[in-house]
Amino acid sequence: MTTTRRSFLKFGGAMLGTLATAALWPLQVFAARPDDAFKSKSMTDLEKLLGGTPTDSADIDFKTPDIAENGAVVPVSIESNIPGTSEIMILVEQNPNPLSAMFLIPEGTKPAVSTRIKVAQTSNLIAVVKANGKLYSSTKETKVTLGGCGG
Amino acid sequence: MQITLNAHRAWLLAPLAGACLIAACSSEKTPEAKTAAAAHEIPGAHSAAHIDAAFEAALQSSFHPKGQAGMDRLERNDMQRACSSAEGPSTEVAQAIMKAAQENVKFPADGNYLGDWKAGKALASIGTGLQYSDDPSIPNGGNCYACHQMEPDEIAYGTIGPSLTGYGKLRGQSEEMLKFTWTRMYNPHAYNACSHMPRFGDAGILTEQQLKDAMAFLFDPESPVNQ
Amino acid sequence: MIPSQFKAWSVAALLVLSPSAFAQDEDVFAQYREMFGDDNPADLVSWDGEDLWSEARGPKNATLEECDLGLGPGVVEGAYAQLPRYFADTDKVMDLETRLVHCMVELQGFDAAEITAKPFTSTGEPQTDLEKLSTYIAGASKGMPVSIDLDHPKTKLAYELGKKMFFYRSGPYDFGCSTCHRQSGKRIRLQALPNLSPGAEDADKVYTTWPGYRISQGSVRTFEWRMRDCGRQQRMPEMTFGSDIAIGLITYLAAEANDAEMDAPGLKR
Amino acid sequence: MAGKMRVRASIKNGVTEVKALMSHPMETGLRKDTDGNPIPAHHITDVEVKLNDKVVLTAYWGGSVSQNPFLSFEINGGAPGDKLSIMWKDNKGESQTEEVTLK
């Protein structure tokens, strides 16, 4: 799928014109970003900040690679099948700051996100879902290997 | 004292070295390389001599010194010259390479082959050393994991060399086995002419103590390689 | 003298060694790579290159739209798949990156020494102009067969120099390209090593996916960088950008990948 | 200089799938440069996605989201002609917006 700009525009069907614009509307202040949660260094005080220890749930479809060729970019995807899901978070237990990303899911948006995160070393990756004020989680380990030829 | 191997006995060690031959660091004449080169003959517009001359000139104009890597590193000793081709050396040249390698091995001055396996474990996964991007004051790594499997539960290992898992447990610590393994690391060409393995002792990459530490990592019953 | 008991189990040891030593395990990272889909950050770099191509710059305040990459002035589509090639105007075999420098000097008035002093970015820095242009131009050959014309004597000589360098072993580690790239199915740690010796088809998969986005460095890397960085790991002195050996190696590897379909920019470790 | 952002959105039976690639160094502030001095933190902190001015996703990111971040998600609904916009803001106050019209 060629992605150079011109062919990107020519691409038919559901593709769309891209319009790079300056900020169209005044910079909204987002609902408060939990800055302290992003700075917290341990799982325990993170759980205090997030409001309790999540209960493990099989209704979270959490995809992570078993072995990551490079910890700098680890693709993860989370889909919550728990009704009333309003928040999804990604935690990396062994990272200096375990909280990596947080997503607020309003009505009408599917509780499913994919992104790529940095995993400092082999670690448990935890997807935390908030639904109807309760916390649920799914945990998977990703091995991070010594990349390259060691040179 | 160095191992005196007469030709008849040499093939006895070959099975051990053979693991290397068969596995990966086999010398040049792998069938695959021979047929591939032949099948790929492109009608030569240039004589070998012309290519060689152009090559020497290109070599000098295509590199420049940087950090600890000077232009001297483009020069080759007899072994490197003999091993720089698709077909590889003739049998006599290969024997000469092995003989020269065996004769120049320096065994530990105090006769003690085994150092600290923990230090050996560390240098086994350090891949830096002697590159122009490396700090010359930092000891060179051995990078054994680049090519060998060692500890059973370490998944990031290479497959150019044979697996060394359980090395000491399997072989014991007889004088001959310590000598053989030391030689294998000091100068691999002693048993396998044109081996892909660096001459860790002969080329001064690792110090005598580092070689001892690597040997301990392989032989020491405490070492995770033997768990 | 070889004690007899040593003989007996040395053969046994070989048997124990052999199975795991030759395990052709499946690609350990297939799952990891597959999760990337086709969303490659190199596309953003390719867009920047497309802009640079038609932006008036340099002392002569000119664009690169008159630059002849071998298929005629301004023709980008399909040009990369036929490089390196002989150029009559310079009477030299040139790869994409040296040809771009040539155009940036001739058409835009830039200083060659300045460009080639830092042709490659470092981790965390923005991509260089050469890298942006190379990503765009390589992407414009996607799906087209590599076709290196070895009939011209100078291109054939470049090929021979590259092949000879492939087997050239020197330096403290006795390394040559062949040390790591002459066998199939091998790897350094978990890094798969393509067999790039004459006639080995791994060149098809490898040459066609450069330039590529290197995840570990968060930036696109070009083939000239690839040659230089391999030289560094071989403990050699630094390879000069656009030198005869660099272009020889690239010509050799490109010719070994003849007829394979270009699929750049790739996504790499 | 806020780099480019590439947004692809496709509508399949009533669900709009969105994929975004953003150009950003995403420095955590823990990394050191070649001569050993730490590189200051510089990463996206907030992302806001709107469909015709209705917020459909908000994201808060730390420095451990990968460089040149990728984000994909799905919205129930969305029709040709709707306006989808994605804005990010980083800890240096830089911002980038990309707006696309669904086809």
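Details
In order of appearance the chains are A, B, C and D, and numbering begins at 1 in each one.
Keep in mind that, in the parts below, a contact is a pair of C-beta atoms (placed from the backbone, for glycine too) under 8 Å apart; a residue touches a chain by one contact, two chains touch by 3 or more.
Just so you know, these numbers come straight off a predicted model, no measurement behind them.
Both subunit A and subunit C are touched by B, D. Measuring from the average of all protein CA coordinates, the nearest chain centre is that of C.
Averaged Cα coordinates give subunit C a centre that lies 31 Å from the centre of subunit D. Centre-to-centre spacing of subunit A and subunit B amounts to 45 Å, using the average Cα coordinate of each chain.
Computed centre separation for the pair subunit B/subunit D is 49 angstrom, with centres defined by C-alpha atoms.
As a whole-number value, the distance joining the C-alpha centres of subunit B and subunit C reads 27 Å. Residue positions of subunit B with contacts to 2 or more other chains are 131, 145-146, 155-156. Listed for subunit A are residues 3, 67, 72-75, 77, 145-146, 149-151, each touching two or more other chains. Shared interface positions of subunit D, defined as residues touching 2 or more other chains, are 4, 6, 66-67, 70, 72. Across the assembly, chains come into contact as A-B, A-C, A-D, B-C, C-D. Listed in rising order, the residues of subunit B touching subunit C in the complex are 9, 12-13, 15-16, 18-19, 22-24, 30, 32-33, 35-37, 39-40, 42, 44-46, 50-52, 54-55, 57-59, 61-66, 69-71, 73-76, 79-80, 83-86, 130-133, 145-147, 149, 155-163, 165-166, 170-171, 174, 176-177, 196, 198-199, 203-205.
The touching residues of subunit A, when paired with subunit B in their complex, are 67, 143, 145-146, 149-151. Those residues of subunit C that touch subunit B in the shared complex are 1-3, 6-7, 9-11, 13-14, 16-18, 20-23, 28, 150, 153, 156-157, 159-161, 164-165, 167-176, 179-180, 182-190, 193, 197-200, 231-233, 235-240, 243-246, 248, 255.
The part of subunit A that touches subunit C in the complex is made up of residues 1-6, 63, 65-70, 72-75, 77, 145-151.
Those residues of subunit D that touch subunit A in the complex are listed here as 4-12, 15, 28, 30, 45-46, 48, 53, 55-67, 69-77, 85, 87, 89, 95, 97-103.
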